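Look for chain A in each of the two complexes below; its partner is chain B in the first and chain C in the second.
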Partner chain A sequence: MEIERVMVKVYIMGEAYEVPEGSTILSATEYAGFQIKRGVGCREGFCGACATVYREKGDYKLKGGLACQTVVTDGMTIAQIPSVPAEKPVYDITQLEANENTFKELFPTVFRCVACNTCTKACPQDIKVMDYVQALKRGDIARAADISFDCIRCGLCALRCPAEIVQYNAAILARRLYARYLAPKSPEVDIRIEEIEAGKFVPEIDELKKTDRVELGEKYYKREINID
Partner chain B sequence: MYPDYMRESIEMVVRTRPKRLKIARKIGKQVFPAMSEEEREVVLSNFHPDYRADARREIQIGKNKGENITTKVADMLESYSRIDPDRIDLSKFDMETDVLVIGAGSAGLSAALTASGEGASVLIATKLRLGDSNSMMAQGGIQAADQPDDNPAIHYLDVLGGGHFDNKPDLVEALVNDAPLSIKWLEELGVMFDKTETGSMSVAAGGGTSRMRMHSARDYTGAAICRVLRDEVYNRPDKIKYVEYTAIIELILDNKGQAIGAVAYHLENRQYSIIKAKSIVIATGGFGRLHIQNFETTNHYGATADGLAIAYRAGAPLLYMDSVQYHPTGAVFPEQIVGFLCTEKIRGLGAQPVNRNGELFVYPLEPRDVEAASFIRESTERNLGIKTPSGLVGIWLDSPLIEELSGEGTIEHALPAMLRQFDRFDIDIRKYPMLVYPTLHYQNGGIDINEKAETVIPGLYVAGEASGGVHGRNRLMGNSQLDIIVFGRRAGIHSAERVKAGVKFGEPSLEHVRKYNEEAKALGIDRHKVSPVVLPDYIPDHVKAKQLTATYEGTLI
Partner chain C sequence: MKIPYYPGCTLKTTADYFETSAIASAKALGIEMVELPDWNCCGVVGSLTSDDLIRHLAPVRNMLRVEEMNARGDIENENRLLTLCSMCYNTLQRTNARIKQSSEDLESINNIMYLEEEPYKGTTEVVHFFQLLEEMGFDELAKKIVKPLKGLKIAPYYGCMLLRPEELGIDKPDDPTIMENFVESLGADAVQWNARSICCGSYHTVSNKEIVVKLAYEILHNARKCGADLLITSCPLCAFNLDNRQEEVEAQYLDFEPIPVLYFSQLLALALGLGVEATAFDKNYIDPRPILKKKGLLK
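What follows is the complex of A and B.
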């Protein structure tokens, strides 16, 4: 679409480019002629591939954001972070216990947290990162799982943390431990699995598999709808 | 923030809301009559993009030659290989594995974990990173008939009706029967499904479902699943190897017609390598980045149907490649988020699609093709859409209704991704409706498989969006998240089974590539057209005109 555009100046890795006003960092970079290989993923804010560090004109603060979601401003200086070389411990979830000792062993850096809140400020998802780290220190895995839920693993928190904590790796362990060990169980799932294994629904499905299209259509449009 | 000129229409939505709320409170979900079969046919044939004159064309090459398939897919498949077979040294290989998994979304990761669990060595090759996929972006839920008032036979009929009864019965049977087990498998791995106060699974309705069976993890369901599967892969470094930024650009067959390996291409160091494998699982996902009919898409950067290209070239036929799913509710304002997915869960929670005058004009939970076509009808023939400043059109999705129906705080709890997506652009979806329009979303068809995820090529399996037949000609919400787990695991099981039974390699061959290139040449196809596409290209024309390396369509610069 060829609408007359106001252009703004952005600095990509230090070099000046004129890009359309309203572009995201991602679309600005592509407009400038880069076909990005490393540093693009879902393009919609769900995968954390496009973590970017940037500064705005006249502002000393170093900010973090997602290239696909952050709209450029005139004079913005941009550097994408293509990869975060953070440590990840290897573990067998079936052999772990859902308590803080697991974190003392696998994520000892969590206990170096000085509560500076830099991680929370860096998070492009507005997650209270420091709060979940503090929860882990107390062994409150459920709370850490809840607070960290929307984490997309962009890595900005770990990159900025003075205590070298890899918050997002600790968080995924918390969420997995919660789901496997602490969440309430749903017995109806096991009951249904047993019924299926016993062949309870075989006659009905076999019948449907043999039914011709016309009759299937009639059955389908007459079927009971129970969604309230 | 919405521009001033939209204020009047927004006020109409607010004005009609109390009455619509009253009806919803009284009737429940079925606030508008659902369409009959005939009514569905009328709206589809007149308004669904698949029925436009140029939506499909006859493909001239390969196993499906002579069939009408989606135009842009035919364009992609009528192409040359990226390699010259004469320049590839097949006498030695760089990597060897029992099972090669191509693609690292939830289908690929499930296949890898399952095959590994069966004792096979696994190598995952992905052209981006582990987890970069459409799976990671799925929002609303995963279907499974595990509730007391539901069962797999009821689920089966829903799937068929949504798919226009074109679905392959054995595949649907596998899908619905494996569903509760898939939920259990995921929960045991550590996926946090939403639960009710009593501890049972929290379930919701989706388009075309006759029971509430949509399991969810807020509106980050895909991510909740995918990141757990990925974490588990990271935890098995001795059993599961992976290479990233490594696109698979051809399959290698042997003189017996078995799939025995692949040609890999590293996007950064630009070297090719030869992978030898006893079984190969294609889990390469969808085709949104082909921008079919020039639609914007919900899909991730890598959704270029690469698996289709390499499998088709190797002789695997495709099924229902004439059917494209447009998700009815893609964002259409502001410009920065055009095409972005707005989960069907929003309607599952009671939000209603309304036109410029605030009128509800369709049952909110029709199957997607019907719902999308009806939004298009409302904005075109009936001319009751809302124009955006960038020249697009949309209809309102009245999300504040959710807070009215289920209490303040529901959106924050159940739709945090949606709240955040619009909040970034100063739109509070708890107070204002969302502006939406159909967006290119899902590849309904794909490579033909059986219930063991096998293709006609021995040693070649497919799982997930790249396969065809499970969903017929239209997929229901939550059945793709289910498909990838069910068939990812089946591909894992059967690819490992083949390894255990013993594979005898014949002479490696790229003869199928040579033949395909010759067929392309005989058809007079432009030599610059190559596939797989690998990555889309968003560089503007005036910049490309000055780029010395811009030679092939879809090439890597």
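What follows is the complex of A and C.
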């Protein structure tokens, strides 16, 4: 049986190419003969390296997406972003406080947000970017860390922001501050660290090291997971 | 009574005692202030550029949240949005008035906000806490006071944002009485003075501090000369300029005598007999406790 291959026309960096229907932007670009060295990573939608700007036929809107997750449509115009040259302040997390003043100092542009929501529209992860920027403005670091948790740092928010905020870099600072200063401390962690340092698990690991692959596999699938 | 409440960024940070004192007082008066979900910055400062539509997005989104709260049933038939901060009141009110006049502007804004589930219909009314008290009746408020602030001379400081522009103000800009009525209902005396609606210098405090220091001196000195024990305000920026800047004022003007500047809600909380968590007098830059103790209002 012969399978009919349906092709669609896309424009990559201004040139027209015929690519198989159903391709992602990433596979279409490679099919067209480009070797992508920057702007590609895990190919699974997790790493955020392949930010792409595109426009669909008949639509005036510039859209953003991950090249590895966005399927091409006929007449699509594509420009991949190899890297986002956004500002990234250097800081020592141990010298910071988890409040809005830290952001006034390191990311003053956060306070220029006019709530246009362009960042949220641009986010391929469907994160409410504007909402976490607004949370930072009022010093609610925990909320900002929570909302931005799924950020993969592709940079599309910053590329579209009219106030030139570098949302994703501010968000990772919020999550770092949350983890270091705001998250509830777990006493179990200290207990477990003591146990590890005292060598509690050494015999078990030594035994596992001597176990062959087949037996190891069996053990793995039969293991008991005690989440209490 | 339950009412949607818009805090604003400053009330969540440097002016947190304004919020805690107001919420506790409102509760004592039977008003439950329900904070808007996912609110954003009010927008701050009415833009003076002609093509400024984007500046109105932030206020509109907040007012849309009130329509959403009503639609979801988080709140019953309450289209008013309560504000405490004078600046937030002014910014939200200014935008609301504009888009209520211009369906074209409202449509443009709704077009930009296409990710919102529903467009803003323009049904929200912005009110300030003082207006809510006025509606309740200052006589009624007086009846609920358990600890009248007898003998305390209060200078009500309006500043700009509660009164101007005229069509948006909570009272007549040239002859306001709402704060005086509030003061009297607490059992205190409202000082008649000249500087109650002179600008504090506003954001000049960031880059031209000397302008603010001069204005703060004029305002505070006038209050003192007219016999005030302290001033009240509902604006965190005025509070910063008049309270925190007294260090610089004192250094520059030899005849200056520091005077406490409080959020009106702190004295409301005191008069309603609420505790130190609500009154939070330890948070003011110039400590108001000595004068309150002297007047026998605080132990």
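Assume the second predicted complex is superposed on the first by the 191 of 228 C-alpha atoms of A that agree within 3 Å, B and C clash if a C-alpha of one lies under 4 Å from a C-alpha of the other, contacts with A are read in each partner's own complex, and residues count from 1 in each chain.
Following the convention adopted for this analysis, a residue touches a chain if its C-beta (ideal position, glycine included) is under 8 Å from a C-beta of that chain, and two chains touch if they have at least 3 such contacts.
These numbers come from a predicted model, not from an experiment.
In the superposition on chain A, no contact is made by A:A16 with either chain B or chain C. Judged by the touch definition given at the top, the superposed model places A:A179 against chain B, while chain C stays out of reach.
By the document's definition of touching, neither partner reaches A:L62: not chain B, not chain C. In the superposed model, A:I152 lies in contact with chain B only, and not with chain C.
A simple residue count on chain A separates chain B from chain C, and the partner touching more is B. Of the two partner chains placed around the shared chain by superposition, chain C is the only one that A:D140 touches, whereas chain B remains out of contact. Judged by the touch definition given at the top, the superposed model places A:N117 against chain C, while chain B stays out of reach.
For the contact definition in use here, the chain B contact set and the chain C contact set of chain A share no residue. By the touch rule above, chain A contacts chain C in their complex via residues 99-100, 113-117, 120-121, 128, 130-131, 134, 137-140, 162. Note for the complex: chain C touches chain A at residues 7-9, 12-13, 38-41, 43, 54-55, 57-58, 61, 112-113, 115.
Of all residues in chain A, only 1, 3, 22, 24, 27, 30-35, 37-38, 40-47, 49, 69, 71, 88, 90-93, 125-126, 145, 149-150, 152-153, 172-173, 175-180, 183-190, 192-193, 195-196, 200-201, 204-205, 208-209, 213, 216-217, 219-221, 223-228 touch chain B in the complex they form.
Residues of chain B touching chain A in their complex: 28-30, 34, 36-37, 128-129, 131-132, 136-137, 144-149, 151-154, 156-157, 160-161, 165, 169-170, 173, 176-177, 180-181, 183-184, 187-193, 195, 198-201, 205, 209-212, 217-218, 220, 222-224, 227-228, 231-232, 234-235, 237, 245, 267-268, 298, 300-301, 335-337, 340-341, 365, 390-391, 416-417, 420-421, 424, 535, 537-540, 543-544, 547, 556-557.
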